[in-house]
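Next up: some structures, all given as structure tokens.
After this come two complexes, each holding subunit A, first together with subunit B and then together with subunit C.
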Partner chain A sequence: MSDYFLFVGLPYAALAIMLIGTILRYMNKGFTVSSLSTQFLEGKKLFWGSQSFHWGMMFLFFGHLIAFLFPKSVIAFNGDPVRLIILESTAFMFGLLSLFGIILLVIRRKNNKRVQIVTSKMDKVVFITLLVQIISGVWIAYFHRYGSTWFATSLTPYLWSIFAFNPDISVISTMPLAVKIHVISAFAIIGIIPFSRYMHFLVYPIAYIWRPYQKVIWNWDKNTIRIPDKWVKGVRSKNN
Partner chain B sequence: MDIRSQMTMVFHMDKCIGCHTCSIACKNIWTDRKGAEYMWWNNVETKPGTGYPTKWEDQEIYQGGWEKNGETVSLKGAGKMKGLKNIFHNPNMPIIDDYYEPWTYEYEHLFEAPEGDDQPTARAKSLITGENIDIKSGPNWDDDLGGTPDYARKDPNFENLSPQEQEAMFQLEQMTLAYLPRICNHCLNPACVASCPSGAIYKRGEDGVVLINQEKCRAWRMCVTACPYKKSYYNWHTGKSEKCILCYPRLESGQAPACMHSCVGRIRYLGVMLYDADRIEAVASCDESELVDRQMEIYLDPNDPAVIKAARKNGIADSTIDAAQKSPTYKFVKEWGVALPLHPEYRTIPNLFYVPPLLPAMATVENGTYNTTTDSLWGKIDASRMPIQYLASLFSAGNGEKIKEVFRKLMTVRLHRRDKTVGDLDIKELNQALADTAMTREEADDIFRLTSLPLFDQRFVIPAAHREEAMEMLESTADVKGNTGFGFKEMPARGL
Partner chain C sequence: MRTKTILTLLLFGFLFHTNSSAQDGESLFSSCAACHTIGGGKLVGPDLAGVLERRSEDEIIRYVQNPADFDVIMMPPQNLTNAEIKAILNYIVSKSPAEGQVEEVVEVEEVVVALDDVKSGEMLFEGTTRFENGGPSCIACHNVDYEQMMQGGLLAADLTDVYSRSGGMVGIKGILTGLPFPAMKSAYGNYPITEDELVQLQAFLKHVDDNKIYQHHGEKKTMFLHFGMIGFITILILIFFLWFDKKKGGVKDDIYNRQIKSI
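Showing the complex of A and B:
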């Protein structure tokens, strides 16, 4: 019963909250959406913490995403033991990298008075969930080897079953405790995205890559505004 | 030709008395709130000096502005590649200590301290952490310290001066300083806009004011690095960047920006200039020696019928064209050519111009005596009290000729006025000066009048904002007073 609550109820609740919450916050409380950078208050220790944490996180995120989207390719890739070992050990390295990073970030937050001042309650929740997530992940990688293969065969179907609105928890409920914790805390993280600084990775500035460098905004169509027999609608900038 | 209108400014350095009224006016209206205490959208620095933030002009440290890259320009320390690569940690960003840690004093303690043997004191408390602090620097920490080893000697502009020239500036008899009031330049090629990954920063088409949309800013903090003038500030409390808004709510209601309105020395001028946006890239990427001249070309003659026609076609209102024709900045910058941009080598095409300081006395020490004879003021421009090369490093990318050109004109105006009011000059000298600078006596009078006796409406020529046409401009500014000042009604609480 509690497995149903944790592996069906929680995921759906988290996903729904995330979806609705982030949209509402983005639309109505745009001012609060920010990476809340603390570099201005402390710049040196942040370098090691933030760089290692984020780059590690990036790799792991896309790793999980690929295993989720293309499980068959991952299994095929891992067919050769050499490749399997290489993939496993790189993933493990990145896991350690982000663990190292998050530990540095936590120490920095605790020790630097200026950064403490701008640490909210939600930030603490963020760090705790991340610590649980990363430690359980590294634990699994070490004690339950070859996750890159068994994830694709057993967890991917579970995740797909969630997204197909046909939840099947038969595999997940037989998994070791560490895996369960990892999954639960992952959905918990998703659920608190709209209420925390987790929001910042959803607004990754991808459009920067293709937009022109300069940006000029007119409140009206400058070429037609003063043609007397033509009515032109003003553009209300979102800032007001 | 893509004609646009731009609010431009001229600051007359000879007139600035360094009173900081401008900074206070600005602070009171816009930045007197949490997270913004340290910000001075308007600040007045002493030159030579290290400025605010410390050594902001040293782009080896801060990597601000653009650099020439063939036929175009690229951002020095930001941009698509560098910005997204450094998004997790920005290596060239100044931190609070490069400005100063804001503080207040524990005044209540003076009243509430228990009775004791000692007088209670009001200790300095950090406005960030609330703890006692030892003040190491503060606003205008190097104010008036034009000859000191700790500040003046560390001025990055000295790089272009020979050791002798540098030494000369520290001789007791020649020691000098000038005030450099600074606000955002509302550039034509803004580095902050280009560096913003979120696209939160934009230039207003109607008047060229550069603004940061507070709802879109995500604290990727690239603008702080990219602005070579360090006029984009990070609010550590709200997690958003902020900058000078040229008091756009005031502009829209026909008022001069607060810093300009309150200026005691009346050094500030504000007016419209028309420019050709098609030429921005070519001007920004031209050879360093041509930067000033090419920038002057981008501003167009508002009396030229062809320009007027093209401006109208581009949606520029007649009232704006009219303002451009009366613009005091156009006169100083284009007609008379006595105002220069600050650090044009940053290639942002700034719209704030400075009349360089001719400083009152240009005496020299000869054989141990202080020589203040004024018989040949003209010849002494080369021996200007503030070395030409120093000023060139500030205002003309190192081209001393440009500074001399301006000085000759300013001197001609003085000679002319001396002749007119005292009449003791050798007329030949005056005529020579007028011929050398191709200036008429009428023009010299005009320069004199606009410099010394301008009326309020001559200093600030602000066209109607055409509120009726702009939805954005329909907001009542009184409604949003006390908020962050960016036009939306929400308390500026830090996000979660």
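Showing the complex of A and C:
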């Protein structure tokens, strides 16, 4: 019965909350959709933590997405043992990268006073869910290995059964504990998207990729502005 | 308020939505038949003829729903309701041979396998040749202690001694065709293993079992971990080179730190 609650009830609750919550938040409190950068307060640990975490996460997210959308192709790719090892090691590498990143970010949150002050309760929830998610993921990769294939063969049908409104939990209920924790915390993360900084991945500024770069410069001569004769009366801006 | 009501209704609708329907014992027993017979002797699991004389119904129901409580790891927990298990038991009772009837004893013959089949089975197990119907290679979830092959997966049971553990050729065939484990059913249900492939896998698994005492254990166990670590460090170095000239602190950091120090 608890399996029904965790692997049928929780996913639907989480997906519904995510869908409705994000729309409501975006429509009613659009300006709060942000992950409130703290780069201004502390930059060095953020650089290493954030870079490693986000690169790792991005590859892992799309890896999971590909295995979910194209399970047959993943099984075909993993058919050859050499390719299987290459894919597994690569995924493991990005898992370690994310783990390293999130640990640095947690340490930074905990030890830096300026960052502490802007840390909300929801941020702590975000960090705890992420730690659970990444540690269980790396654990699975190492102790229940070749997840890239068995995800495609056994978990993809479960996930599809959720989306087809015909949930089948026979496989997931026989999976090892780490896999269950990974799935439960994944849906928990989806459920708290509208209430937390997770929101920012839905509004990722993709236009950055093709937007021409902007260089911010002061358009005046550094020497001439020091000569008092050249001073001009400024124009007060109208929008401030 | 209305949104909330609709949401709650939707959620409860999903929570109580179940797709199980009452089925008769015979069709339900087909998933048991991979490992159990009724009066046909031991297969992977014990013969179920007259099981109700040996155990109480309540005990069987608890056992079937969670064999791990009884320290049994070979049998997966079955997602069956009490009523469904009772239907299966009724079927077993109806099929059990009458009291005093002589049971056929299955004689286990000495099996000899062809080396060609062993080699083909190894390639199928490892994935060098793909299954004809597109099923995943065994190595994704299973490991065998066989030095010619890379380390296998650790999700499912180790198959080194599956041949002797699950009742020889018949047992392996039962599992591979009956697919009693949900994860295997989901992997091979739509992509069944062909007859030829089955023979080759049986041969390979017997060969592995026969030769398990001759295996050497090298360093390949940690190969996957090492690759991951090397890759991780490489990426960190790449991040260092690509972004190290980035601004890493506020402009006032120096002033702030100086003042904090002087307090």
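Just so it is clear, the second predicted complex is superposed on the first by the 206 of 240 C-alpha atoms of A that agree within 3 Å, B and C clash if a C-alpha of one lies under 4 Å from a C-alpha of the other, contacts with A are read in each partner's own complex, and residues count from 1 in each chain.
The rule we apply is simple: a residue touches a chain if its C-beta (ideal position, glycine included) is under 8 Å from a C-beta of that chain, and two chains touch if they have at least 3 such contacts.
Remember, predicted model here, so these are calculated numbers, not experimental data.
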First (subunit B), second (subunit C), both or neither touched by A:Phe31: first
Subunit B versus subunit C as contact partner of A:Leu202, first or second or both or neither: neither
Touched partner set for A:Phe40, first subunit B, second subunit C, both or neither: both
Touched partner set for A:Ser50, first subunit B, second subunit C, both or neither: first
Partner chain(s) touched by A:Val118 [first = subunit B, second = subunit C, both, neither]: first
Touched partner set for A:Ile169, first subunit B, second subunit C, both or neither: second
Partner chain in contact with A:Leu69 - subunit B first, subunit C second, else both or neither: neither
Partner chain in contact with A:Gln214 - subunit B first, subunit C second, else both or neither: first
Touched partner set for A:Ile128, first subunit B, second subunit C, both or neither: neither
Footprint overlap on subunit A, where subunit B in one structure and subunit C in the other make contact: 40-43, 47, 51, 55
List of subunit A residues in touch with subunit B within their complex: 29-43, 46-47, 50-51, 53-55, 113-114, 116-118, 120, 122, 195-197, 199-200, 203, 205, 207-209, 211, 213-226, 234-240
Residues of subunit C defined as touching subunit A within the complex: 3, 7, 10-11, 14-15, 17-19, 76-77, 79, 126-128, 130, 134-137, 139-141, 150, 152-155, 181-183, 185-187, 223-225, 227-232, 235-236, 239, 243, 246-250
Subunit B residues within the subunit A interface of the complex: 4, 75, 79-80, 83-84, 87-91, 93, 95-96, 128-131, 189-190, 193-194, 196-199, 201-206, 211, 213-221, 224, 234, 236-240, 312-315, 317, 469-473, 475, 486-488, 490, 492-496
Residues on subunit A engaged by subunit C in the complex (per definition of touch): 4-5, 8-9, 12-13, 16, 20, 40-44, 47-48, 51-52, 55, 72, 75-76, 78-81, 84-85, 88-90, 92-97, 100, 142-150, 152-154, 157-158, 165-171, 173-176
